[in-house]
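Take a look at the structures below.
In the two assemblies presented below, subunit A is common to both, partnered first by subunit B and then by subunit C.
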Partner chain A sequence: MDGQGMKRRDFIKAGLLTAAASALGPGVMKPVGLWAATPSIKGPVKVGYQAVLSGTLAGYGEFHKMGAVMAVEEINAAGGIAGQKIEMEIRDSTLAAPTAIQNVRYFVDSWGADLLAGVDSSGQALAVAPVMGQLDRVLMVTHAATEKLTEEEVFKKGVRQVFRICTPTYQDGNAAAFVAKDLPAMSWATINPKYEYGFTTWNMFKETLGKLKPGVQFTAESWAPFGTTDFRPHINTIMDAKPEGLYSVVWAGELITMMKQAKQAGLFEKIKHVMLPVGAAMDVLEGLGAEMPDNIWISGRYFFLYPDTPQNKDWVARFKKRWNHYPAYVSETAYSTMFAFKKAIEAAGSKETGPVIKALEGMELDGPAGKRVFRKEDHQAMYDVPWGLTVSSPNYPFKIMGKQIVIPAKEFFNRPPFEGDASKPPFKS
Partner chain B sequence: MNRSWTYILAALGIAVLIGIGLFSSRFILYLTMRVMILSIFAMGYNILFGRTGLLSFGHAAFYATGAYGVALCTIHVHSHPVLAVVAGVIAAAVMALIIGFFCVRHTEIYFAMLTLAFGMMVFSLMWNVRGITGGDDGLSGIIRAPISLGLISIPIMKDSQYYFFVLMFFVVSVLLIHRIGRSPFGLVLASIRENHVRTEFAGLPVKRYRLAAFVISGAFAGLAGGLAVFLESNVTPFAAHWSRSADPVLVSLMGGLQTFSGPLVGSVLFVVLRELIERFTHNWMLWFGLILLAIIMGFRGGIVGSTAALLKRSSEQG
Partner chain C sequence: MVQSLVHVCLAGISAGMFIWLVASGLTLIFGVLRVLNFAHGSFYMLGAYLCYTFLRFAGVDFWLGVLLGPLVVCVVGYFMERFLLRHVYPLELPYQLLLTFAMVLIFDELVKMIWGAGSIGSPTVPGLSGSVSIAGRDFPVYNLFIIAVGPLVALGLWAMLEKMWWGRIIRAAASDREMAAAIGVKVPALYTGVFVFGAWLSALGGALAVPYVGLLTTGMGEAIIIEAFVVVVIGGLGSLKGAFLGALVIGLLTSFGTRFIPTLDMFLTFILMAAVLLWRPQGFFAES
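This part shows the complex of A and B:
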């Protein structure tokens, strides 16, 4: 083996070279981004959008796309943002965290995005947040709901670049508890997804309802892993426990399956109060059609029949005309995101990250979903989304939200500093 | 290939990588780091697959163990990145030793299925111990602390700095794997692949050799996972999912199983191709699949293997 000596020497050489280069590396740093020297808005405003466009949830991505594309078309037709056109590119987020990171890096460093939006899963949002700090671009989250994003990443860790325009898990956990406290049910059970979203929302529901209505009992839990197609064992577990109320954040296609199987098992005759925090999603309502039972409590992050304002009605009509669909909640959040960007950039007179963040903090935005305020501390948009009971309607081929209850966001959104009981509802004032 | 040529190519490769580190944009740096990390994963994996002839579908388990080792060490023990990487590699090697102990008793499809089963066990374990792994949200915000060496400390926070950290591990790994391939140990592994009965008759403990190859490839997988954690600053249990285990298999097949540099070339293609295709279509999965299919079916012995064979044939004719 005469090669050994040579190789060891090579090894050392390579090591030295690498070490030398690492020492040099920091010295030969790149100049700061192109935008650093630009005083006012020049060139198009580039928005990088990512949503899930492949796999079983690809339908969600399409709804994101419809909302975002429509907003870009409308804004550009009306003269753009401060005279500049919006350019948008949409990428598949695939629901995987590494892909989400790859996408934002592509958008910012290769494509030259000024602003970013989208992101579906909570895991992705939490993974992307620290990267946004590094890349220093604003990200508007339009779907991912984990409260950790705004409480931990934005408020506690100080990632100021991240904002969220959709309602977080407070809508699913806390608001549901406010509705449940007035129902004549003293025992609750759940069939929830066996991942963070399921665990968090059920805990929030239990904690808040426990405070609002002392004596209420939580009798059974059944956890369904992602991809469950047979809910019957879960349904049986719950029916055996004989609770008066059922709470479930199972969503999308799985919710459709669960509802059908629950109906066959006769669950709705036994359990009178059923709450589905994401049951008002259009894919679920359209997917179940007449099979959705009446008098089920549903909610979402926006419902197209609320608020009952001319602005919302007009938007829903235009959306229906453009895409031949009723807008899903992600369509509304994607649509409003573009208008939030427009308002912030025009107020700041710049599309640079710093001024845009300043403009967005505390900004009011009128959109189809009504008036939103981006809370300064945690960058969470505060707006009201109703809870309501399903009902048939001659105007629609699916069940809609009948009796609507609106709990004001400020009554049930956790409050800064997000520590201890004082940060969680119910609040004294 | 001529030995001096190998040296020239290697030196050229390192020069190019250093050049990329010094002069290219942040995005190219990021892509190159991903290529290097995937290369470490795939080249280590190929010790087991190409060299020993054992197809494992569970190496994501070691990748994820390395990743969680680094993340947990950084968060709970000490933020020194080198210490964290060492901890991650050791964790992955131990995990590989335990799983390998049961798997190397079998070969072929039984081995593949066993590794797949163990891999998914590790995945569901990580998914379920939420208190430690963070459930499906994973652990995020893992920072790259400076490497302190007594008196001086080298910052690696910026991508342009971290790049050289990855490059160093990459070069060391490539040299180590090259060395292993040329060693008597590596030759025994090849003989096990060719005929394990004869190897056993030659008096060599075949299972122990298989286990050693398994642990070594697991350790490299752990190193790759650990470096990826610092790059992406987060880790989720999906790192252990079987779909991740498929990456080194595909990369090795594309580049060439029986070649040393095959997995490296495969990694470059894997990352760059996907990056390019995504710029043209949202249906990137379909096109990516088709191209992979064409490469795997069209190039016998992978890209490196078939190119080498072509060069050899033309030089023989000429």
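This part shows the complex of A and C:
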């Protein structure tokens, strides 16, 4: 990182000198010109964004910011949304649920936000969802992954204001099981975070893999509290159990620490199949560098080398030029969120919550990550993210995904009405 | 089973020794200055970041980094005591807590401004990244080194406070500030010295944590200070012997808890603290 992260001054500059942004070249999505016929939108489109900007995970917030700011720059330089500029304010979500609620209330009640986005932790997302119903503003979740957000809050309780643009825990639990079924490992263990995200992903992995591969055993679970810096006791638990496979959604800095300490303990010589559903995060790959072992299964919510399309390559190149970083997955989801808002508002001809929700439901969006569809029933974006094996590359100072497997989203995303076996993969049809 | 027990013990002891390095300075400062320094964890963080910076940008080797990083933190500690803390000694406890807590936030922001908000993966230290097989499982050589450093620091502190003349002065000032001043001890300078020394111990812990934790983050100080506080409370505020044993107990309890009673791992530490507070509120080795 070396202090190259975006500084506050850059952020202010980004807001003030949007004209300069036109030098960056045309945006991925050109204005469609529909807005000429939609004079009903008055004043700027105000987007309140929250991400974690303090504490051990502050780096994630910076990556959110880079994606969001870049999208705002590009959209405004190309004429804005329906002729109106986007105004964005970014606040620190701190990962605490009460702060997330305070932020959305501030954004709507005091700052006058039209739309909201961001939110990192599952706990925060579940706390904020009911408030969005009261405030009646659209919230696009860009990072929090719990399936309960879309299954319970949106589908069952009918909080229609909440959408999610990133892959949910289906990617971490179900898709991992689809990959694991073809591996020779018959016994699996986990070191997982000791909170909602860790519990729900491990359950999903066990349930789906159990159905896909009868006879597979789950032999040990070790739950690491948030903020763990010494994984040695957890590694001991796993090595005592001697499983053939290790599954872990430990993420960000903690994953870097865990991998280093597991390597020192010789874990990768004993356990050949290791799956890290969020191991393809840029902070992890860059942080571990050459210390990331080869042949580890990794995935994320987007990986900058997939899809192999000109559009994605162009975006990654522009991102690298603008921020001197490869885009993290939250950068992609934050970036695409702004274009989702643009497309929905221009289609609806309004920035009011009701019409925007209608426009977003079932909407297709083309972004760096490829084509997304926002499922009408649960407001979950469906798109494909690969799983892959780590490998060194002469082109990058960190490990990348070598062999990639893409399991189509429609095969492993739980289906509405989310009840009974038929709603969960593997599907009969 | 033997292999399992041996490694659970080793993991617990090495974890305990990191906490001890931070807790020793915390309890020493409290014992002499009667200040509960929330910002003590920030010295740990600064020690780690500065050691990393010397390694990465000045190209010095790790041991020089461990020497230089904490020395810079001593300067920070000097300014903090001399120009800020000194003004709140006569005030009530809440003012000290507010001031030192404010320093935590300031140090976190400073680190973000200087080094960036992202976590930094620290470089591997040549010669220290190896492991040795103990009872059939690899254990990092570096952690064995940490297990040796802890008791050495404890021994050094004991020798300094019990056997040397200025250790006696420190103890005198700790037990009766006015009497010490009356017989000619320069108490303010002594306070500064003890504070700077405590800061050095914490920064040393941070610098030594660089290769093991493998990661530098702005929140790393807060994580360790909570454990250090628990250790100091259990051992008795102001007691070095208590802090040493407390750190060992917490390290081992966490390690055994994680392995054998995983549902209660974090809980065990706080149950122990609650029990100590109920039955022996002054801690196990309180001076008075």
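Remarks
Simple rule for what comes next: the second predicted complex is superposed on the first by the 390 of 429 C-alpha atoms of A that agree within 3 Å, B and C clash if a C-alpha of one lies under 4 Å from a C-alpha of the other, contacts with A are read in each partner's own complex, and residues count from 1 in each chain.
In the analysis below, a contact is a pair of C-beta atoms (placed from the backbone, for glycine too) under 8 Å apart; a residue touches a chain by one contact, two chains touch by 3 or more.
Quantities reported herein were computed from a predicted structural model and do not represent experimental measurements.
Residue contacts after overlaying the shared chain place A:148 against subunit B, while subunit C stays out of touching range.
In the superposition on chain A, A:92 makes contact with subunit B only, while subunit C stays out of contact range. Touch criterion met: A:195 reaches subunit B, while subunit C stays clear of it.
After overlaying the two complexes on the shared chain, residue contacts for A:323 are found with neither subunit B nor subunit C. Of the two partner chains, subunit B and subunit C are each touched by A:54.
Shared-chain residue A:252: touches subunit C; no touch with subunit B. Where the contact sets of subunit A with subunit B and with subunit C meet, they give residues 1, 3, 7, 53-54.
Of all residues in subunit A, only 1, 3, 7, 10-11, 14-15, 17-19, 21-26, 28-30, 53-54, 90-92, 96-98, 101-102, 105-106, 109-110, 122-123, 126-127, 129-131, 134, 146, 148, 153, 157, 195-196, 199 touch subunit B in the complex they form. Contacts from subunit A toward subunit C in the complex involve residues 1-5, 7, 53-59, 61-62, 194, 221-223, 225, 227, 229-230, 232-234, 236-237, 239-240, 252-253, 256-257, 260-261, 264-266, 283, 286-289, 291. Here subunit B touches subunit A in the complex through residues 3, 7, 10, 14, 18, 21-23, 25-27, 30, 34, 127, 130, 134-138, 140-141, 154-155, 158-161, 163-165, 167-168, 171-172, 175, 178-179, 182, 228, 232-234, 236, 238, 275, 278, 282, 284-285, going by the rule given at the top.
Taken in their complex, subunit C has these residues touching subunit A: 3-4, 7-8, 10-12, 14-15, 18, 108, 112-121, 124, 129, 131, 137-140, 142-143, 209, 212-215, 217-220, 222-224, 254-255, 257-259, 262, 265-266.
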